[in-house]
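Below are structures written as structure tokens.
Next, two complexes with subunit A in common: one pairs it with subunit B, the other with subunit C.
== the complex of A and B ==
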């Protein structure tokens, strides 16, 4: 998949969306390529940095707003979706992208994930899933395989894995896709597609952690383009997920539910009044 | 957990005695098809150089963040070389701006352009020799890519240009090989870190 956009002389190149802060991720981390895909998607959509906000939670991948030239909010663990929802309903003119990892999004923020899908606010949620808590040195996350043995889980977790696409579909996300950081161009096209799609778009990105899960280097040979294109039929998407092994990449579901957007105006005035109460 | 299924063990930190192992990406898309026009061929060549340059620059940043300045500088140099190649293509084609991707998308054999380094191939303690191993692998893949296009070309002009590109990449392979001969090979245990980041006790 390619973003077929001819660059014009005035258009910002992807590099222009990178900030002056350099990533401090481990060498070989998949998140570098996700960052690259973000910049390519922003350039393809010709997003204005001042009209774009990237909101994150806590974790390695949640550092991404600092590395992008846009508004950014590196927020509270698991609460990126709550903050982003507030931002989008207050400023519907902004493009709001939410980023984080599997621990942040599916465990600490699991409840917010469910209700963000259900509310269908016009957000794009990108989860960089490496099946481990990397920042805190390798604890199992909700997507860790039950038999993954480490010093911190000497007998494996024995727990059923969380299936984010199934949950997103059941909870009402309007656009559901899976990408791979080893395919930054394909991922950029997928992210651009998700940002264009109205309502809550969810993109699960397989992004290897080569430090705590070096075996994830093998993902490159395991991922494949999904054999069938997107569907707008949730029941059909659900049936596809029954046989999904977690390595099909592409758009799974593209719904047509109207995004939730409460009227704005009066609320803004009330916010100004609230601010007065905090004046010193 | 199924009792018949062997437990999946977390692997210890890789103990490489030579360069980080690089895997040739399995084709997940159609392989490179013959470029029909010069424009299409050169758009591929341009994207190939730009992506290689960007990846090396990314590697340089990662190495700088981990205070491995010698390797960072080498990756910077490689990024500059690839960037210069991209600029030469713009000049040769008299393009004032980068070409748009072909309407069918780029036809790479793997997920990325053949000269783009595998993003997982890094190690924070890697040495210049390892970086050159990565570069050599990429130049060889680029050479094979243009050779393949030359063999399959149906247009003489495209064939000649693809052959010229393949010859250039072959020259890069020789240059990197010569560079490697001047670069010390890593000693055994180069990746030993007495205070590793993976220490969890």
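== the complex of A and C ==
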């Protein structure tokens, strides 16, 4: 990703990226740690807040832009990747990070997820996955287990769980990683890595919902560093992603596709020159 | 604009029809090009079946020595290369006893739908003529026939054929010979359809479609980012912009759907780049949620809606003004938006440019209501006057103390910090917010922001651009968009009959400005509202938002048939006689 770094003398502390607006999240929410990892990653990359934009949709995790001191865009449900694509293509000088949850990204925004992966615009997409719609108080999302019972799914959904990493790989994402909110330092390093990687970088973050999915507190004991390093071989990555148990943390695939960035600001013609084709 | 027999015509309408692959559109376009080159005005509307390739097609053409903005009530001549499925166009090609059908006898008898109107039928063996000239095609014979009937000079036809074929040698020679054969056959018919001589050319003229004009207007207004999702009949606008934008430093991105295209445009505009997308009714329906985001987050965008028959998939390739209600009312919440409507092919340029200017200046969404007729018709027009409308967004500069993105201002417009500006970072939000942009569900913040977003639109001075107002009289016809052409022509005919009436063609549909219309209607006692849809969406809007005389009536019918001058003229004459 294009990283706009600050003048060497003016390196900022992570705290400098945190706004004075208090999060609405529940105490113990995994997203606090993701916010913290964002600020650490921004500090590690010495990003200028004014050259950085965080774009989101709707949901608990999508509130994150306002909690940062960078430019933010809090749009409509499911469309963050579209808005971010427009922003990055029009303003390639900016560092654009997209944030959201599993409902926003994999359900209502599913089509944009597919096409963002294949378009490969230089974005970093961070999904805080807690397998539940939290803001609407506990409904199943695409990553919810089929037997999870809720008011909206009294008998469970009975549906196969969506596998975002496999889908991202198949659709063409250039960088695929899984992180865990319980390890903010590790996550910060992962985010910084994703932001440095050119093209579309996808980071799925296990971020527990302590209110509607308190059992996710157990994730702390289940996650582990991925036993092997990242591969650039999509076939190997596919096998690993299809067979892993969802708790391997780290960079899982690192491709080398060229980012999509049509030139902007290059053409020097004046609008009047376009008229000639219509003259009789 | 009536024609008397025996004199040169002040307008001539010709339709060329045939099955797919017969090349009627090529013949029609070349005829229009040749007539334009020879100094006449004209327009061509394409009518085709739903097939992607190989469907029946008709080129509907009209010519005159003066500018024209609509089709006539009837056609003087129908030239049929063949009759395959062309009865489907019968409603769109009204003929009468004074009309002429030129048909190839080897292609069977003309469909009853055409013959029933008593038109004179003349046989010309079009295919045989073409066959006799190796390498030529029947559509070139049809071109020669049409050009011969209306008196387009052979030189002009030869020029456009030579230019368009971009080939020399036998192919070109064959085509030119076929054109000559057609012209010779036309001379033998003696139809008396010769057009009055073209006027001296005072200004430069363009041959342009409304979709192309809208694209050019967008670029002139400053649009440098376009997100595109293909949809009939807006696709050509996007296809024109795709190669044009990079030439001026802009970019077009094809989106995965209309939800993405409108959000991409909003994202780019948030980044400070004037942005646009173009669509038709189904796409506009998908975009409404994001249009509300544009309202709430105050991120300007322009959406050109090239209207077609609805609801649902409707009639994709035919014109209808039936997206008025969704454009004016179709967002949830109290969501003030700008809605403007171009009223001629060439005005698609000026009005789209104006829409960019308004959206940028007022930091709001602007919907441009074009339609299939305006968008896809190719017309000869005087080059539109240059207008100074460009996007001028009020931005906040670095160093602004205690910056508040959504500050309550007198005008309602608040300076916008563009990403990259140090010290002013804020979060643009579709959630209701306070002046700083921090989400707020408080009553006071909600009221203040709603009022501000309304105020900036209604307090703006839209100038004379809001409407075209022509003529005098106690009777007025209020209309918009592509109905303006037929209404203008109807009122000219009424005037020739001694009935004076006023034309008010509204370009600014929203925000409603009742005082402007009241002033335009001063002294008017009766109003006829003309529009092309079934339920009278524009009429109902005017009744709801504007003060109208007690005697206000609606004149309307849905697409695909256009509003024709005669039906408006008759209503005006009948009404004035009461």
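Please note the rule applied: the second predicted complex is superposed on the first by the 255 of 280 C-alpha atoms of A that agree within 3 Å, B and C clash if a C-alpha of one lies under 4 Å from a C-alpha of the other, contacts with A are read in each partner's own complex, and residues count from 1 in each chain.
One rule holds for everything that comes next: a residue touches a chain if its C-beta (ideal position, glycine included) is under 8 Å from a C-beta of that chain, and two chains touch if they have at least 3 such contacts.
This one's a predicted model, so the numbers in the text were calculated from it and none came from an experiment.
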Regarding the shared-chain residue A:26, is it in contact with subunit B (first), subunit C (second), both, or neither?
first
Have a look at where A:186 lands relative to subunit B and subunit C in the superposition and call it first, second, both or neither.
first
Touch test for A:69: subunit B only (first), subunit C only (second), both, or neither?
second
What is the contact status of A:51 with respect to subunit B (first) and subunit C (second): first, second, both, or neither?
second
Between subunit B (first) and subunit C (second), which does A:270 come into contact with in this model arrangement: first, second, both, or neither?
second
Quick check for you: in the superposed arrangement, does A:94 touch first (subunit B), second (subunit C), both or neither?
second
For A:112, select first, second, both or neither according to whether it touches subunit B, subunit C, the two together, or no partner.
second
Write out the stretch or stretches of subunit C touching subunit A in their complex.
36-37, 204-208, 212, 216, 219-220, 224-225, 227, 244-251, 253, 255-257, 259-261, 263-273, 275, 289-290, 292-293, 297, 380, 383, 417, 419-431, 437-439
Sort out for me which residues of subunit A touch subunit C in the complex.
21, 48-51, 53, 55, 63, 65-66, 69-76, 78-79, 82-87, 89-91, 93-94, 111-112, 114-115, 262-271, 273-275, 278-280
As the complex stands, subunit A meets subunit B at residues 1-9, 22-28, 30, 32-33, 36, 137-138, 145-152, 155-156, 158, 180-186, 208, 210-215, 217, 220-221, 223-225
Mind pulling up the subunit B residues that touch subunit A in the complex?
1, 5, 7-11, 13-14, 23, 25-26, 28-29, 54, 58-59, 61-66, 96-98, 100-103, 105-106, 111-112, 118-124, 126, 197-198, 200-201
